[in-house]
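Note that chain A is present in both complexes that follow, paired respectively with chain B and with chain C.
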Partner chain A sequence: MSSIHQELVNIVGEDYASNRREELFTYSKDLGTSQPLWPEYVVAPKTTDELQAVVRLANETKTPIVPLGGGMTLAGLALPQQGGVIIDLKRMDKILEVNEQGRYMVVEAGISHGKITSYLKKNHPNLMHSEPGAPPAATVGGNLAIHGQGDLAHPYGFNTDMVNGLEVVLPTGDIARFGSCAVGSGWYTMHPLPDIGLFLGWNGATGIITKVSLKLYPCKKFRENNMFVVENEEFVPDVLFEISHLGMAEDLIATSSEIPPMMNRLHYISIINTGDSEEELEFKRHMTFDVQLAKYIRNGVGGIVSLYDERSRPQVSKSADWKKGGGFEYVGAIVPVSFYPECYRRGSEISGRHFIPYTVLGRVIGSCHSMMFSWSYAFNRADDATVKHARDALHETDELVMELNGTIWKPAIFGQKLMLERMDPGALRLMKEVKKILDPNGIMNPGNWEVD
Partner chain B sequence: MYELKFDPDLCMACDTQDCLVKCQHMDIDQEAARTEILKLAGGEDSFVLRDCVTCYACEEYCPNGNHPFYLIVKMQEELGMFPLPDPLVKSGVQVGIPFRGEPVIDEMEGTALNMGVFSPLLGRVAGSKLFEGLPIISHDSRKMFHYFCQLMYLHYGKTSVINERLDGIIQTLAAHGAKEIVHFHDECYGTYTSYAPAFGIEVPFKSIHLFEFLYNRLLELKDEIRPLGYKVVYQRPCSSRLSSDKHPFVAKIFDLISVEYMDREYKDENAMCCGATILGQKKEGSRVYCAEIQKKNIDDMKKAGGQICVFNCPACMQTLGMPVSKAGIMPLFMSDLCRLAIGEKVG
Partner chain C sequence: MNLMEYKYKDMIHRCFRCGYCKFPTDWSDITNCPPYARFRLESYSTGGRLWLIRAWLNGELEWSPNLANIVYSCVGCKNCVEKCPHSFNDDVVNMIIAAKTAMVDEGKIPKAVGEFLTNVQLHGNPYGMAAKRREDWMEGLNLEPYKGQEFLFYVGCEGSYDTRAQGAARATAKLLQQAGVSFGVLGSQEISDGNEVEMMGEDALLEDLAKKNIKMFTELGVKKIITLSPHSYNVFKNRYPDFGGEFQIYHHSQILANLLKKGLIKAPEQADARITFHDPCFLGRWNEEYSAPRKVLAAIPGAAFAEMGRNKKGALCCGGGAGNFYTDFLGGSEDSPARIRAREADEAKANILAVACPNCLTMLEDAVKVEGLEDKIKVRDISEILTA
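Our next item is the complex of A and B:
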């Protein structure tokens, strides 16, 4: 038994620290095209005290640590690039406070989004948070570490815009709090204290988020998916702009895919409307279809596919089924909404070159301030050639995003390098300094957002 | 290519012009009706092509069996006056393209059940005594589009798509070898017993309507029937207009299982369509009109005192099931109601 392993056992107990190969195996894998990378240890702390002790141990021994949430990024962001310890945070999943009138909740960052949704539905049905377009096992901390977006992206932006406060364990093992909680005033606001935005979107390379105050939003009694379709991709930005003008949709997503055939070369726009009554919903349907989109219907170039359907999140993961072997990975990019047509055309060309049925999706962030556009590539896990095609397609897509002047979202290491090559020199220097100050031993998820 | 058998002389000699006079969605007197249907028969434009909501009902109203609805749809296509916006037409046409492998042809003898594109509903029939011993065609939802009767394209103004694909579908069905086929959905039944003959498409098997099959099967199981006693209303689907001779089985089944078939305005010949196809039509106001007729229909069900709304068509169920349920009426497939009557549990 190694001494680090023994120390980890001493901190969290024997059941929650391991260096056994069969357990490390699980943590060596990512669901995407990344090659396996093995950690030396895995540890699952239950409390912030335990986490602090683990981080202190790593810092003292200069052992790399990789914080892990749900492990859902597909981009290999929680794979140990340099071995070391994977810190599985899923046991830190308590709901600490819900302030109904203040519309926020404080949670431990290892909590899953599914658990929050379920808890709110049962105990506070008039409140909701922004659940990301990921499996329910995705964690709050993991999603903030990658600047995720979710169900409420259209009205409120990125999930990281919906944070009222943070607690972070720094690479030294110390704790820092941000927002009103830092001055002991509760967890109700991130502002107006000086901005120290050093932890969101860093893939855990600057610290480990342990507690989060999440903004909550009104949850209407009824929610329906209204689907609109156009054939000409050039119409999509305007359709989204028209709907966005109303300021009523809870979520706004355009999708197109080669399979199933009904979606091939067509663009389906999912409009999630909500209401506390049928009258409220009908008003929203009227404004959406009889007013804003009426010109498309009248001219025969856009049509209502369905109304009143239950909300179902876009299931791009289904594209994994189009190749036997059930694998898929995607590149996401944050781009202007006006980029949709070009992103779709170029993406389907890349798919064609790699014999993969194309699958694209664009989710509006803010009132058409930007869009998360994703290109998904399916592969057969048991067929190396298809994995290579998918990997090559992903890299080509990263390069396409750069060519189009987009911004890669949650880039894998390859994409991070492309982004860093283009980074403003001043920002690059500051990133390097921040990392050096916070993590002088370079133990925090090394390889991620690393400035040479 | 197949040609519609339509005889204008029958319209000339018609005393009623019921096809258009009885239309629930257009206000046409007999004189105008005669003029417009003859225009269509002569290949001319008519406002009917723009105002038709494609509810199929004129096929039933026509006293001469002259297929006015098929004529309207044929002319919509010939004159490029599609009732739906182009992207919906494209989407619809593409929906019927099989994409998950070739069907497995299990050979069968005698009578078989065809699920068409509703194999996802297989759980509603599999294991039921009602369908005991009946081999099932199209039980694999991955392959279901090989059994898609295509008649849906009447709503799209696309008889060409039906005519292009239908022969292949018939060959696939026939390859199973069953001499008689019970169709789970009466759209399929209407395809093989009404549309195909109207266009001269040969069908090498005998079709049996689901309701006729259920009625006869219930007679065989008569000793096991327990009176249900519910007050029921029936949501008649558009495709049942192609087999109005089988519509009486609705009342006969209800009588056999002792449910009360409630009188209401939108019953039998005056049934109101579910509105699914009207929703997306490009004619201005279609969405609102769809919502209005759905509300009228459900209000009528409530007024009639219906406890259960019985559906035949899965598309009607998908469209109206939720609002019917919200109105306090339980939506139920006819096959499920029959299962309840013989003491089976329905999920």
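Our next item is the complex of A and C:
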């Protein structure tokens, strides 16, 4: 048999398979603090057929494979822990169907969230999907593989709750479909078939998501960012609860950060309200501030910072360039909303110990069912000491999440180990069995969610 | 080369590799960096390229032909400058050009780049053709050599030598004649403007060309220059002042728009035309001139106009910049940017793909042919549409 590289070239063509040092170098690093881990090959298939052939080849030769979307997790989740082939999925980015009345769209999983938002805005302006606050190159498949959340998290939950159907390439190279599409009825629902939830949140360790039916939601004509502020962090959970009671906000995020100084030790709550008319928006403003939050304003412990601001695409990665350093990474945790004050206090202590200005953020998921709380640590990519500080701070934060009884979201390998250590034995056994059945050769993103 | 000598040593690590720069202004596709569109491997994205350059400069990676190809596949289209959200965005493309300079200094450049630069050095043009042949395009036009007229019409290497681009040079000259504009040309005296040479990192050669051109223009008494190519427009306008060359520079689209406005030329009626316009990077993103060519097209009676999805600041480059029309690092695939662009013109249902740059003209004309669209779409310089 010819070399793996040659086989890969045969499958995808010369331009899209590489074992050259420059490509391997590029894919050995991600944006965060992880140490480089080198793949042996990089391949970028265009079609499901090509992907299946790559996976079959890997399975036959017991070569590890790591699916890659935007590579934006920051946590090294698409770095090859055991070498092998990185499969860059971003060429698989077609929009296959939009069903306007059924409010769903079917896409190839390597599509970027930026492209979806742009496409809907242009072609179906009354529909939207839940775009994560990540850079727009983040892909649908990658986001579902880590249980991401986006700008519709408050009304509708995790992005993985917004899936109407899935197609997956299994570690054998075979294809499986889930949801109504599995019985040939179109891609309009995930239910009522037996639940086979084996792929979402698995970091690609059980299969590669190739097609997704995404639920779409009404997109109102106008969208504004209304900002409320409190000084006492203890008020934040109740403020969020009060706003959430209305069930009106499209997105609900609390933030605090040392820089800029006007945000230091204050807690800004961004309330995204939407409407098809000024009357609708005015009604929502009235209900939010004159009714639900009136007690805070009356007592002088909370205030409106701004109304009517336009909501623009978040450019979060600017925080990467604090002190011209070019890097940051964050720990995210899924925690009850009531944890906000403690998470904030303990997080700012960790930041202080590592000489990094604190930056925390909590995004409400569902009707205050939980929140994604993040602690960001900036570093200077050209200064190893600051990278080490950030890495240590991240590890301390992972441990903090465990201590607080939270759940680490998209944990790096370090955090995954902490979570697996305290996992219910029954669940642990089942995870191990599932992995063994689906991926007997252990080729799928090995090292991730791996039960010893 | 070591990092300490590199001009952007305190900046290059700041690229987060977040990939905002892969997109056009409307975020409609991840393929707005031409080499990334062509190869779709992260190494070919702006961020990938910057991280590789840094690794080379700090000794993490050895130089290799592949590294040089990746660096030289940057066509200098400035989409990254437009989209990078960071405060250093203005210098993103400069960081890549400076890496090319480092490769030139080390003598480690791809063969085709070496040929291009040698040809310019020896013959004053990238094709290695004789200076005498620079006059081929003028045949039968009865043009005057420059001798103090109001304008110098600087045609540039592509317009002079490339048989297809010559059409645009001829059409422009005819329009200037029709309008009674006082202008002259340099003929075989003309030499390369140096724009591509700089984009390829050959600073010394740019300086040499700029000084020679400035000397010639000054001795001839040139004050105002009309350029056929946006590349010439860019370097004359933005770089020649650094070498003491201060002239009033106009791109032919600006002159034509003005002549139409004054009624000195008239656009012929084209009732069946459905025109789309491809923004040249060195007119658009480099010099923020988006309106002049559109004004020209808007003056054509009966013609319909349709923008392609990616336009103006968000336009996808044809892939011909920074010498790539010659070195061709991005050719040979249906994902070559020029072919993507040809398909986009087709999606816009255009039957004329208008351009305002001789590079774009040749790149896109070839692409339309390879895509099998030549019966549906004609690629025309705006001057050619006015003389149709």
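Annotations
Assume the second predicted complex is superposed on the first by the 443 of 452 C-alpha atoms of A that agree within 3 Å, B and C clash if a C-alpha of one lies under 4 Å from a C-alpha of the other, contacts with A are read in each partner's own complex, and residues count from 1 in each chain.
The rule we apply is simple: a contact is a pair of C-beta atoms (placed from the backbone, for glycine too) under 8 Å apart; a residue touches a chain by one contact, two chains touch by 3 or more.
What you see is a predicted model, and the numbers here were worked out from it, not measured in a lab.
For the composite obtained by superposing both complexes on chain A, the positions of chain B and chain C are free of clash and fit together. Counting residues of chain A touched by each partner, chain B versus chain C, the larger count belongs to C. Legend: residue contacts after superposition of the two complexes on their common chain; A:R91 is shown touching chain C, with no touch to chain B.
Of the two partner chains, chain B is the only one that A:Y308 touches; chain C does not reach it. In the superposition on chain A, contact of A:E282 is made with chain B only, not with chain C. After overlaying the two complexes on the shared chain, residue contacts for A:D15 are found with chain C alone; chain B is out of touch. When the two structures are aligned on the shared chain, A:T26 is found in touch with chain C, with no touch to chain B. When the two structures are aligned on the shared chain, A:P135 is found in touch with chain C, with no touch to chain B.
Of the two partner chains, neither chain B nor chain C is touched by A:L420.
After superposition on chain A, the vertex angle at the CA centre of chain A, spanning the CA centres of chain B and chain C, is 70 degrees to the nearest 10.
Legend: residue contacts after superposition of the two complexes on their common chain; A:L428 is shown touching neither chain B nor chain C. For the pair chain B and chain C, the least inter-chain C-alpha distance in the overlaid model is 10 Å. Chain A uses no single residue to touch chain B in one structure and chain C in the other. Taken in their complex, chain B has these residues touching chain A: 82, 84-88, 90-92, 94-95, 97, 99, 279-280, 282, 284-288, 291, 322-323. On the side of chain C, the complex with chain A involves touching residues 10-11, 13-20, 22-23, 26-30, 38-43, 48, 51-52, 55, 60-62, 64, 66-67, 70, 85-88, 309, 333. Residues 15-16, 18, 20-23, 25-27, 29, 31, 42, 44, 70-72, 88, 90-91, 93, 112, 114-115, 117-119, 122, 135-137, 313, 315, 317-318, 320-321, 324-327, 380-382 of chain A are the ones that touch chain C when the two sit in their complex. Every residue of chain A that touches chain B in the complex is listed here, in rising order: 229-231, 259-266, 282, 285-286, 289-290, 294, 296-308.
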